[in-house]
Amino acid sequence: MATTSDLQSGRPLVQGNHKSAFRNDRIATGIFYAAGIFLVLLLFAFAGYIIYNGRASLNLHFLTTPPLFMQKGGGVGPQLFNSIYLLILASTLSVPLGVGAGIYMAEYARPSRLTRAIRLSLETLSALPSIVVGLFGLLIFINILGWGFSILAGAMALTILNLPVITRVAEESIRNVPPALKEGSLALGATHWQTIWRLILPAATPGILSGVILVTGRIFGEAAALLFTAGMSSPPLNFSDWNPLHYVSPLNPLRPAETLAVYTWKVNSEGLVPDARQIADGSAAVLIITVFLFNFLARYLGKALQKRSRAC
Amino acid sequence: MNPSSSPIATITDPIVEVRDLNLYYGTSQALRGISLDIPRKKVTALIGPSGCGKSTFIRCLNRMNDLIDHVRLEGEIKLDGQNIHDGSVDVIALRRRVGMVFQKWNPFPKSIYENVIYGLRVAGVKERTLLDETVEKSLRRAALWDEVKDRLHQSAMGMSGGQMQRLCIARAIAVAPEIILMDEPCSALDPRSTSRIEELIRELQGEYTIIIVTHNMQQAARVSDFTAYFYLGSLIEYGLTKRIFTTPRRKETEDYITGRFG
Amino acid sequence: MPDLTPSGQSILRSARGSSHFLRETLGRYYATLCGDLIILLTVTMVAFITVKGLAAFTGPHPLSPLKFLFSSHWQPDADPGEGGPQFGTLAFILGSVSVSGLAVLLAAPLAVAASILISVIAPRAGENFFRPVLELFTGIPSVVYGWVGLSLLVPFIRNQFGGLGFSLLAGGLVLALMILPTITTLATDALQNLPDSLLEGSYALGATRWQTIHRILLPAARPRILIGVTLGMTRAFGEALAVQMVIGNSVRLPDSLLNPMSTITSVITMDMGNTVKGSAWNNALWSMSLLLLAITFGFIVIIKRLGPQDTKNGNHF
């Protein structure tokens, strides 16, 4: 029983092993710091290793010339072009669809079986291994539709990979728009869609845009979904022929197109070039730098647009 | 309700007639058997403690409650004799006739100019001169023109709270509504901005039917012609503002007005 | 001047007649269509892979599902004289399980420890430094992880422990590094989403920070942390190229950390392009794809069992 004198004497009412509790606390804190710092060092070492090893290849020659067969000194020009072209096509297909679905989920969906089915589908799509998406592409676009390994098939596969992420980003950005804007618009006699189109989408754009750029960075490095859709070869390209209907044109959507990520994988397993190691080092560095650049761009644009829309 | 204070009898040529209005959020009832007539081109103030249903009530008049799930309405609201819940009524057209100003100003993240003509734009009006004229006239009506005429194309977000609220009033006026609903339009404003808005309401009176929700009794007394006192979802007393504030007929109203409430 | 007086027939009354179609219906149809497309896509994908994956078990020379799942005898090109082709995938199933299991065992403790630092101990540095870094690394292509494994890890293991270097260990380490940022971010979200009152309540009772963490915070966040770990496992299990580059790709039950082996995904990656469409071998690969799909569904079910997914910081596949 505690008495006044106990309190005054400062003796603890509950006798606990305070010393060991504080010691454990300090040890645990030390361990957590060690874990966090180790994790970050690991990641930085990883990125540093790649960029350091690939530094020799970070030049215009490597980035623009085609690979050589059985010889040293080839570049990754066509592969880089293919990656960018695929990325543009995939974004063109997936952004309108993903934003549309995001609008549906954020604005029109009522709690119903349909909404639950879409939610489950989105979760499923985003959980699927990308190799499975690639196999689906092989089945539909190559085997059934007979497009052959092609940019178009690759773009479709990437679209499937993108769709759930863009939908989620769009839905979240739209939900973050203050409801007062929506009420104000409806009270002025705007329809729901007019409100979405004129107010909600513009207000949600910074969020959507930075999400889209992040996703884009991710598909830039995607390989597994492309092995059996865009293919593992690149026909000789004529970079002065920009007619998409010509077979040697870089823009021809029905030609096979090996991307930088796929090439990085393949150059190791085939070993047809003597400098495979340098090429892989260089490609890996280009891939990682590109992904980082996309990330910074997303961050910067997101913040800048946010600031502008708040100021304006 | 005793017949002498019956809200229906006192008003001739009402613009809005409400009969036996009940509103439920899910299972809880927010409005209980409201019946009243709103006079044309007058200012009607709705007063009462918070949670008494006055905001819910005015949101029925432009059907903003349609946006909320699980809201159920019983009874009848007529605008110029037409039931606004009738299947043939276009809710978009209704909201153009019944404008609304919100408690917290909500200008759109656009220019001042675009804010004012938003209602016209969504109605498909494209003629430049008409838009320009509407902007000037609406801003003048809202007593904002002189302050913003040099920066019409700048963002509306850079204005003061009072200016933004007057912009929201200009925005509502621009679509030429017959009724303007104001949901505690001054509750987030400083006293100076508040008195400017009150002046504005008095200027608009006689041209528009204004229904203002306020928890500030002095404000109700200053700006309104008619006052309705709501309590716990019911309409307790309704009549000429002067009469309500001088000789309330119901004990509850008197208690509230004299501050003996609670 | 426009007519702003409410009595008159203003311009708007006349504009009212124009149809809602362009202003509302078309837009709503478009959004709904996009939503429906998601379902259609998912259903089509599952249906096609299921049909194709079941082909091996039907037809004139059907494969026994039991043998497919529980035999480790994989000789897809054996002549009829040698007993005909054999399609037992047990070695690959166990390979996938062990490599992704190893990855999670290596990554999860570090990830959870780091997430405690980020969310509880150093929240400011967590928000301004750790989180952006983690986000940066979730986007790194898996071939890059594979390439570092191949060029750095495999020779290292060969020199230190002997053997080929291509091994379960190499695969597990590469995948662990790959899923570390994902699990850490999700575990951090889980801890940060706990109400502050838990922390304050525990401190107010005189608990130290460590006592608060392991008695209150970790148990409260456990379901969501487990979701993060399962998502990491799902990603590791489905990863194809990074694993294929370092695991050695020999048909062998995973019997040692240092031996080469294969996984479901690595076999599909290697052989899908080199087999003839419709052949028994090719069909078996499609059956493995179906198996992969089914296992992914299993993971989704586990995640749904564990509780509602956070949609704020979302899933990090």
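By written order: A, B and C. Residues from 1 in each chain.
Criterion: contacts are C-beta pairs under 8 Å (C-beta built on N, C-alpha and C of every residue); 3 or more make two chains touch, one makes a residue touch a chain.
Every value quoted in this text rests on a predicted model; they were computed, and no experiment measured them.
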Identify the chain pair with more contacting C-beta pairs: A-C or A-B.
A-C
Could you name the chain whose Cα mean is nearest to the mean of all protein Cα atoms here?
A
When the C-alpha atoms of chain B and chain C are each averaged to a single point, how far apart are the two points in Å?
53
Rounded to a whole Å, what is the gap between the Cα centroids of chain A and chain C?
14
Hey, how far is the Cα centre of chain A from the one of chain B, in Å?
48
The positions of chain C in contact with two or more other chains are 12, 20, 23
Among the residues of chain A, which ones contact at least 2 other chains?
189, 191, 194
Listing for chain B: what residues touch at least two other chains?
92-93, 96, 119, 122-123, 175
Going by the contact rule set out above, which residues of chain B touch chain A in the complex?
62, 64, 67, 69, 92-93, 95-96, 99-100, 102, 104, 106-111, 118-119, 121-123, 155, 157-158, 168, 171-172, 175
Give every residue of chain C touching chain A within the complex, in rising order.
12, 20, 23-28, 30-39, 41-46, 48-49, 52, 110-111, 113-114, 116-118, 121-122, 130, 132-137, 139-144, 146-148, 150-152, 177, 180-181, 184, 206, 208-211, 213-214, 231, 234-235, 237-241, 245, 265, 268-269, 272-273, 277, 286, 289, 292-293, 296-297, 299-300, 303-304, 309, 311-312, 314-315, 317
Touching residues (chain side chain A, partner chain B) in the complex
110, 178, 180-181, 183-191, 194, 198-199, 202-203, 309-312
Under the stated contact criterion, what part of chain A meets chain C in this complex?
14, 21-22, 24-25, 27-29, 31-33, 35-36, 38-40, 42-43, 46-47, 49-50, 53, 97-101, 103-105, 107-109, 114, 117-118, 121-133, 135-136, 138-140, 143, 160, 163-165, 167-169, 171-172, 189, 191-194, 196-197, 214, 217-218, 220-224, 227-228, 232, 261-262, 264-265, 268-269, 277, 280-281, 284, 287-288, 291-292, 294-295, 299
